[in-house]
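Common to both upcoming complexes is chain A, partnered first by chain B, then by chain C.
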Partner chain A sequence: MSSLRQIAAILKKDIISELRTKEMLTSMFLFVMLTMVIFNYAFGADRNNLTPFGGGMLWITFLFTAILGLNRSFVHEKDEGCLEGLLLAPVDRPVIYLGKMTGNLIFLSVIEIVTLPIFTVFFISHNYFPQIGWFIIALILSNLGISATGTLLATISINTKTRDMMLPILFLPIIIPLLIGAVVSTGQIMAGTKNFESVYSSLKFLGVYDIIFLLISYGLYDFVLGE
Partner chain B sequence: MKQRMGLVFGIIAGILLLAVFYGAFMVTPMIVTPKAPDGVFSQKMFYFHVPIALTSFVASAIGAIAAILFLVKKERKYDFISYSSVQLALLFGFLVEWTGIIWTRMEWGAWWAWEPRLTTYLIFMLVYAGYFVLRSSVSDENARARYCAVYAIIAAINTPLSFFSIRLIPAVHPVVFTTSGASMETSMLVTFLIGMAGMTCLFISLLITRTKTESLKEEVDYLKNIIGG
Partner chain C sequence: MTFSPDLFGLKETKKITTEIDVVNLNKSFGKRKVLDNVSFQVKKGGFLSIFGPNGAGKTTLIKILSTLVAPTSGKVLVSGISLDDDPTLIRKKIGLISHSPLLYPDLNAYENLKFYGTLYQVPHLEKRINFMLDKVELSHRRYDLVRTFSKGMQQRLAIARVLLHQPAILFLDEPHSGLDPHAVDILDGLINDIRGDHTFVMITHSLEKGIALADVVMILENGKIIFYQEKEHLDSDKFRKIYIQTVKGES
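Here is the complex of A and B:
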């Protein structure tokens, strides 16, 4: 119970500091909006049905905005010396991981909830509302994987010489399997597929990926933070 | 004896790999298909490509195992083994990609196809390329070893995952090499196994040499510091 309260405390700290400045959520939101506009022109403005590319566009947008948020969440900690404070506090290292990961998960999800309706109106011509339940499951599983891997790798990259430059180089290749699963599942749902077989297998894969990387990151976080 | 192990394995690897060349081009029969009655020459790539591919997986696994040992025991030598093994994983990964591309060009007439195995190796190389960028951008030795060990473990786990994930995409045709174990002739199987043994010896030889180089490098740095300071 006490470790749950510690996670909640770290989470509360992140949420309060974000609500005061709002710089992370604002920049993430603007990034998503700008990317959508760019997509429209990159694919040709005269083309009015981009539904088949929906999954790919959605996850490129979310993945890069996630990188933005992950970097932000640790640059603060490092610059203001908060990470040292956290390390000095009487909490287990894995608890810090779970707290930070939950924070990143929540921020990413908030951005997605806000921008997904806009994305749908902009690009998707098929009404996928009847399958919204599966869509949300795919979204949650993908977000969990992104935050689980991203929090670990962001902690590593913030401690290197190149700092936030390092995160995309480490994070993107590791996240490719998850990205494929996310694109296939959400893309098929948005396109209104009749064959749900590939959606199910993608969701199963996403679940397996999440479990594996949550456990590994949880176990390895102690080594990342160091002595 | 221990000093010479790298050399011994190297010599064995050289002999075995020469034997593979002989076996592949002189002994084993041409694969004949209805489309190519004269035989498929590009199939000879199989004797090199597949052993290299399997060795690269071994290299990535050893990189991760040594990384775990380093994190548990905190001995520098495991970091050197892990680093050397990852270097070799990238090298062998590159060779897999290159032999694969040559085969693709011969067989399908295109330099690149988004075929699951080639794509897996492309991701494999990108993951391990990140390892070296990470390694070069941490100055503190202990931190560098720790971060790299963590990353080597994640990278090794990522490889099978990326292999499976590519199969999720609908409508790809994964079966490339049709010479499955059951239909292989004895001479082909023997050549393949010699290739496998040769590549393994080559890997062991290179791993020993690289690891020794790394520890010598550290020793030189240490001595330099003594002289300088």
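Here is the complex of A and C:
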């Protein structure tokens, strides 16, 4: 119970700070919009031809915007020395992890919810609204995996000198399996596949990936924050 | 086997009278030895002032005592608890005022205290926050963002943050730096208010302040304790000479 309250306190603190500065959300939103504009010019606006590539285009955009957000998520913690304040507090280390991770998950999801309709209008010809439930499940599972691994690696990279560069270097190789699952599941749903088998198996894979990386991060966080 | 209740009684009192117990503590960062076989004790309710030149290892020592940095070797007991036994329990009992105020600039004064108070599970938090804001004379700025505070005001709020959970042991790393005379008075007033049933370890470069508040003084140089004495036996002129010599020798 008390741990839940502590997680909520960390989350609330991050959300209030972000709503005041909007530093993270603004840069994430602008990045997504910019990428879509570039896609639009590069591929032309022929939605019928682009629909099969929808999943790939979507996750290129969302993955890099997630990295942008993750890089900022510990900025105050580090620059104002507040990480020390968190470390001094009598909270279990996984509580800090879950608080920060939930924040990252929410910020990424908010950006996606805002930009997805625009993406769909520009690049997707099939009406996948009847399958929106499955699509949201795929989105949530993918976001969870990105936030779970990303928060762990962002914590590791704050203690390195080149933290902005360190995160993608650590992050990209580890996230590739998840990314494939995300691209396949969301892509096929958006393209209106008749064969839902591969969507199901992708979703299952995403779920397993999430559980594994949540457990690993949970176990490692004490060590990562160590010194 | 004889059962002696008295023995237990002795053990119990011994535990209670020593609040900080450091034995043969060593710390190295890579090849650099920062603390070299440091041993000392602070009794419950005691006030230890640590002096020493820049880079002597003072901050490192306090970071080890407050569970932020792991020692390379040696034994450290805080409030009878070993550092690697239950750091979370130690964290409940300690407060640290360090160089940075550890406040979130985009939260206001109240939100900062509320945040830390929740992490520490402070009972009657709202009341306690009001009380502390009053004490550091920041009640009128409670809803202003910390970003808009002057350095001294941030330091005052940092003091409120540290005392919020009523820690039994306080670590102060140059707490007077950056404070104007009035804020110094506020800090000293707060320290004097809670002296006696709290234990203090303070790092300072100000001889007057350090000696006035302390009941034990210590000089650290190159990671070694080169001077350690109770204030009642202290010859302050002699102490002044030794201190100035160590600081000069370093620079």
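The criterion applied here is as follows: the second predicted complex is superposed on the first by the 220 of 227 C-alpha atoms of A that agree within 3 Å, B and C clash if a C-alpha of one lies under 4 Å from a C-alpha of the other, contacts with A are read in each partner's own complex, and residues count from 1 in each chain.
Following the convention adopted for this analysis, contacts are C-beta pairs under 8 Å (C-beta built on N, C-alpha and C of every residue); 3 or more make two chains touch, one makes a residue touch a chain.
Bear in mind the structure is a predicted one, so any value in this text is a computation, not a measurement.
In the superposed model, A:81 lies in contact with chain C only, and not with chain B. Contact with chain C, but none with chain B, is seen for A:21 once the two complexes are overlaid on the shared chain. In the superposed model, A:176 lies in contact with chain B only, and not with chain C. Once the two complexes are overlaid on the shared chain, A:49 sits clear of chain B and of chain C alike.
By the touch criterion defined above, A:156 lies against chain B but remains apart from chain C after alignment on the C-alpha atoms of chain A.
Using the contact criterion defined above for the overlaid structures, shared-chain residue A:226 touches chain B and also reaches chain C.
Applying the stated contact rule after C-alpha superposition, one finds that A:198 touches chain B and leaves chain C untouched.
Contact with chain C, but none with chain B, is seen for A:6 once the two complexes are overlaid on the shared chain.
Residue by residue along chain A, chain B and chain C are tallied for touches, and B comes out ahead. By the document's definition of touching, neither partner reaches A:127: not chain B, not chain C.
Residues 226 of chain A lie in contact with chain B in one complex and with chain C in the other. Listing the residues of chain A that touch chain C in their complex gives 2, 5-6, 9-10, 12-13, 16-17, 20-21, 76, 80-82, 84-92, 226-227. Residues of chain A touching chain B in their complex: 149, 152-153, 156-157, 159-162, 166, 169-170, 172-174, 176-178, 180-181, 184, 195, 198, 201-202, 205, 209, 212-213, 216, 220, 223-224, 226. Residue ranges of chain C in contact with chain A, taken from their complex: 66-70, 88-89, 91-92, 94, 96, 98-107, 111, 115-116, 118-121, 145, 161. Contact residues on chain B toward chain A in their complex (touch as defined above): 71, 123, 126-127, 129-130, 133-134, 137-139, 142-143, 146-147, 149-151, 153-155, 157-158, 161-162, 164-166, 168-170.
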